[in-house]
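Below, subunit A partners subunit B and then partners subunit C, in two separate complexes.
Our next item is the complex of A and B:
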């Protein structure tokens, strides 16, 4: 049943596109080809750039004598909390007349930022943490004896990195780059603001007056995502037996020597541009808006509270529902190795590969067409449903780890003490899985808060989240209002990210 | 004979803990030296200092005539020509056996020949194309040794080399490793907490405790003439009894025993090896049998004495005693005595049971 729900949108997309016919023409025409090429170009180049940047940063902060590396370990991961459209917004605002660059340096004749390079730079700087985090985690799980052996056999730190560490981190790098790729092809906010015409932008503009085209393009996007995911899986299967894992003592440190200054400059530069600059720009806009007549610039405190509550509320509901829905599948796949479980798992994962916009689109058209559920259009449950389909995979991975973390013999021990199935679940399994499930729920929470395109399409009228509030404020050029909401969103997700991911990374160094 | 390793006043602190405390040690060319001690005694840290994975806080290390660590000198591990075999073997899982062994051989032209030679040496001829996870534990260990030996290091270090093998395999592999090191004429230092391993494999043993080296000697000397009561109880079984020394004998609860060191007087402790203790059923004896641990080829009989002390006797397989039997205790040969100041409780080394 869970599987069916997750498969629903994709199946509907295929069926509808087939019914409408005309899909082949749409896909062959210039309408599809241009945006498709641009989407693939942007996603591929961004993924490669993120792989390089994320891996370099991970190595610098985890394995060298870089000054302040413990602080940077946290800071370097933080651009993750800035949604792409907020980053793009900050970039535009910084370059605009009267923007931060104008105010600080007197550059008042800067060209407006737009197009491929702007989108590439924005998305690279905001999504490299998708590579940095898994690679940093992989490095800390690598047995130190591996690198020590390499060094004692006469190889320099750089050679050891190339010949031993890099091959061991390939899996993590590939997984991270894949996430970046999926993130970029499904991104709507940044490319739309920066006027780079990708598939998502085309879908959004076509969905009202030309539904068949929107559906066909949505299907195209879904196919791209699934093909990429499947090919990565095929490649990664071969690696399983050749990865070394061990917890351990402190790893060796590579002395940077004369490279210390350039390395520090790189790390400071990345953190400065990707994290400090956007926040500074948003703060500048907000302060300016607050400094002048509040009502005229459209800033009210109540404007902030309601979206904040809405965002928090729906994110929590989504997170809880996602974990509850996904847990049985996680049980089936890790405990029972069932065929059904494997299929369900694949479908849940596919949901994550599908761009949010595509899922929302499928749900919208499906609900509008179907007589029974028609009343659900733009209601709370439907929005939650779309979120869960989209982000369920994030909870799935964490749940599987949580389930497999409870040794089977504990259940057997409880059983031998005369405890029934439900009592075992309640007294043994759940308490032990709670931290893992919490992490999964937290990931869903974080993603839901930042989600834009599906929320725009599916949210009930008048139901504003921080993301949609920022978006609408931007469209009507209320930068102060956008700035305030964006700061709130960044702060909220910053706290969550810290709790979920970075704290664990920190502990590894203790 | 040339000295390959010289440690002088070597010291390493981890925070407030002094892991290695002013260690002096020489390793001679061609010998196999064991660093023996309970866990946490600083033996692995000493090994890592020699390999260059840790920097000493004080003291110096001279390797093959060159100072590699000192007050103003630190040579990186890759420049030390020291091979290391890790407890977990640390085989590069993504490289074949051949590439693992050839990793440290810098001369490309000589690499293949050297790999083949090393695999012959460790008895893995023709296995070069396999991946580490396809090998058994014993085979993996031999690959790790071949890899460490391949660049012809001046010294090879082994960290708890047999702890990952099951008991049945361990004895056989120990012999194989001994033969490989001999064939390669390698100078080797290995770390272990297992006294049997140290006694059977090493040419000389350095016993460590709490960061200090207590005694360095050949296995036979170490067993027969421990200079320290910790060494006496850690290397081989021994029970400590309090006594009073005068001249060349010590008066104890089990009688007057001749000692090897005749220059002591006053309160001492004597170490009794169980194989030197014999028991006889005797209604007026000094002790009562408390328990028997039966091994088949022999047995350990534990006897409680009147003052609460304990002695053990190792005897043949015939079960002559039952718990509760009153027995008299006799000791053959000379015993080793140590000067003490304190009570019996302080005599009992905290880690004697390891």
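Our next item is the complex of A and C:
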């Protein structure tokens, strides 16, 4: 059932490509090859960079005595909420020649912010939280005895991390890196503004006047995603996981010693470039337009409440629904080796690699053709459904990591004591999985808050979110209005991420 | 062990979202508008229309091309009655698909033939003129070219930003083909490529880059720099119109059309189109959105902008010239500009 819903976009692409024809020529020609190579290069390198950065940050803020770590736990997650077109515009405005940094400090020998390196850096800074959140959840669930053992054997914090902690987190790291890979191949905003010619750029430019090309390239994207998901699945089978601990002693906080200053510099640097720099640019936009003519430029606080409520409301609902829907699939695929489970997993996860426009049009295609559900068209439940299909992958991979951390013998013990399936799930499994599920929910939450194409096409009429507001204002060059809405988005995401995710990781650290 | 906090958060979320969706569910005889024009540029007018006529309206905002694809995908079950497009391309796509109704002559006659479709199925409501935006610190007025064709001259090497994947640039190239022919257009595209014209994603990215001093010139619509100056009067960027009816400064229109799915609401849709061409609406474009009014004899209010009659402009009749845009895209792609 679940898998069938998630297969919708893929089947849509196949049906439409077949209708239009022309796929073989497009895929054979050089039109596809160059962008495909660039897409894969960018996605693979960004995934590796995010794995390194996200894991390091997670360890520093979760399991060391880093100063201000409780604040950084939230801040480090937030770059994910910045829509990539805003992130790219803001990073260009901050770092390009004549930009904010140049103006403030007189850096004028900066390289042009465009091409592969710019896209790589921007996407790394905006998407490392895909790794950070699952890894932080995993680390928060590891027993302190691990590190105590290592420390008692006289190893340094770095050695303990490498030899004892890291192997326990590989599942979460791989999960996050896969999400980064899929996100990068689906991104359009950053690569188009930074002039890196990938498949999505080609799809976007062909979508109206050359549908056969756009559809064939969309299908190519889906195939790449499926291949990557299945091979990652093959690799992740072999991992072993130490069991999670639910409550009890707080984890040992590794003392950083002389590394405290460099570690702090790293965290501050990342937060500075990925969050503070864009926020500074957004604040500059807002202030610039706050002249005497506020109303005319649409910069009114009162105007912000409705999109703020809409954004928060639908994001929380989507996050919870997504976790609830994929949890059974995560159980099935983690606890049992079934072919059905593997297919379901691939379908759910690959949905994340498709551009939001494809997901939205596929939902339109199916809903208007299916019996009975036509009345749901452009309603709140349908929009949530589209989000879940698009972002289910994030909840899925985080849930799988969480499920695999639950020791089976606990369940067996509970069963021998006569507790039923639901009771076991509620009292044994769920508490242990909560950090991991919270991480999955947090990822879905942040992604939903910034989603644009599906929101514009499928939301109930008149339902505007902060993301649609930002987009509209940017398109009409109302920068002050765009800046204000983007600042509200970052602030809201901070509050919700703390409530939904970070708070749950901190239960051992109170 | 779902904590009470999350449960409360969820309940609150469902409640607000539920209320939001209930209050807006349209239907019946309300007019549904899919608008590629952003809220900032049309909402006050649509509200006026509703107040004046008593016709209820539901508006969905989005990217013009995406909304056109949506209407196409929805087929005969589309809830949309009226489509407002930010570019001739998107509305032309629906026209070619046979999705537009004939507009009343009374509406069409408000604008010159060059600003509406030849088959009478869509009409321009406001205009944006193509300009050369330049950095006033880096460029002296004597360096400004007389024609867009001069930009292939080696003295502009690496200095002129363009947005080859953007709809407004593509519409401009289509118009150039119509006025100057494919050969001359292709030679110009190749000349820009040979001159290493840097490419950007869209008009905004170019205007920002010119304002920063990253690049001295850029080919854009006049609209964006006017808006930037409205918020930041000190920005060192200015619009320049190519003189003597040069093709580099032609007018591109934003358009309105009534869809074939309007049914009973076709009349109301046509009424909205006429309203968007009324004196009140045309004044709104001139004063509030800093665009060119196309009807009612209203003049633009921006200093230094010539009146419409001084600007040459072909009618971009995308409906009768099916396949034009794909040919334009091919030419741009062949010139190598897109990779830049």
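Worth pointing out:
Just so we're on the same page, the second predicted complex is superposed on the first by the 296 of 510 C-alpha atoms of A that agree within 3 Å, B and C clash if a C-alpha of one lies under 4 Å from a C-alpha of the other, contacts with A are read in each partner's own complex, and residues count from 1 in each chain.
The rule is short, and it goes like this: a contact is a pair of C-beta atoms (placed from the backbone, for glycine too) under 8 Å apart; a residue touches a chain by one contact, two chains touch by 3 or more.
Predicted model, so just to flag it, every value in this text is computed and none were measured.
In the superposition on chain A, A:153 makes contact with subunit B only, not with subunit C.
In the overlay built on the shared chain, the residue A:168 is in contact with subunit B alone; subunit C does not reach it. Within the superposed three-chain model, A:499 lies in touch with subunit C and out of touch with subunit B [touch as defined at top].
A count of residues in subunit A touched by subunit B and by subunit C gives the higher number to C. When both complexes are overlaid on chain A, the residue A:457 reaches subunit C alone and has no touch with subunit B. By the touch criterion stated above, A:368 is placed in contact with subunit C alone, subunit B being left untouched.
Looking at subunit A, you'll find no residue that touches subunit B in one structure and subunit C in the other. Across the interface of their complex, subunit B is touched by residues 143, 145-146, 148-156, 163-164, 167-168, 241-244, 246, 252 of subunit A.
The touching residues of subunit C, counted against subunit A in their complex, run 1-2, 5-6, 9-10, 12-18, 20-21, 23-26, 32, 38-41, 58-63, 65-70, 73-75, 77, 79, 89-90, 93, 165, 199-201, 204-205, 207-209, 211-214, 223-224, 227-228, 230-232, 288, 325-326, 329, 338-340.
On the subunit A side of its complex with subunit C, the touching residues are 89, 92-93, 96-99, 102, 112, 192-193, 195, 197, 201, 204-210, 288-289, 291, 293, 296-298, 306, 309-310, 312-317, 320, 357, 360-361, 364-365, 368, 374, 377-380, 426-427, 430-431, 434, 453, 456-457, 459-464, 468, 472-481, 499-500. Across the interface of their complex, subunit A is touched by residues 51-53, 76-84, 86-88, 90, 92-94, 103-104, 106, 131, 133, 147-148, 151 of subunit B.
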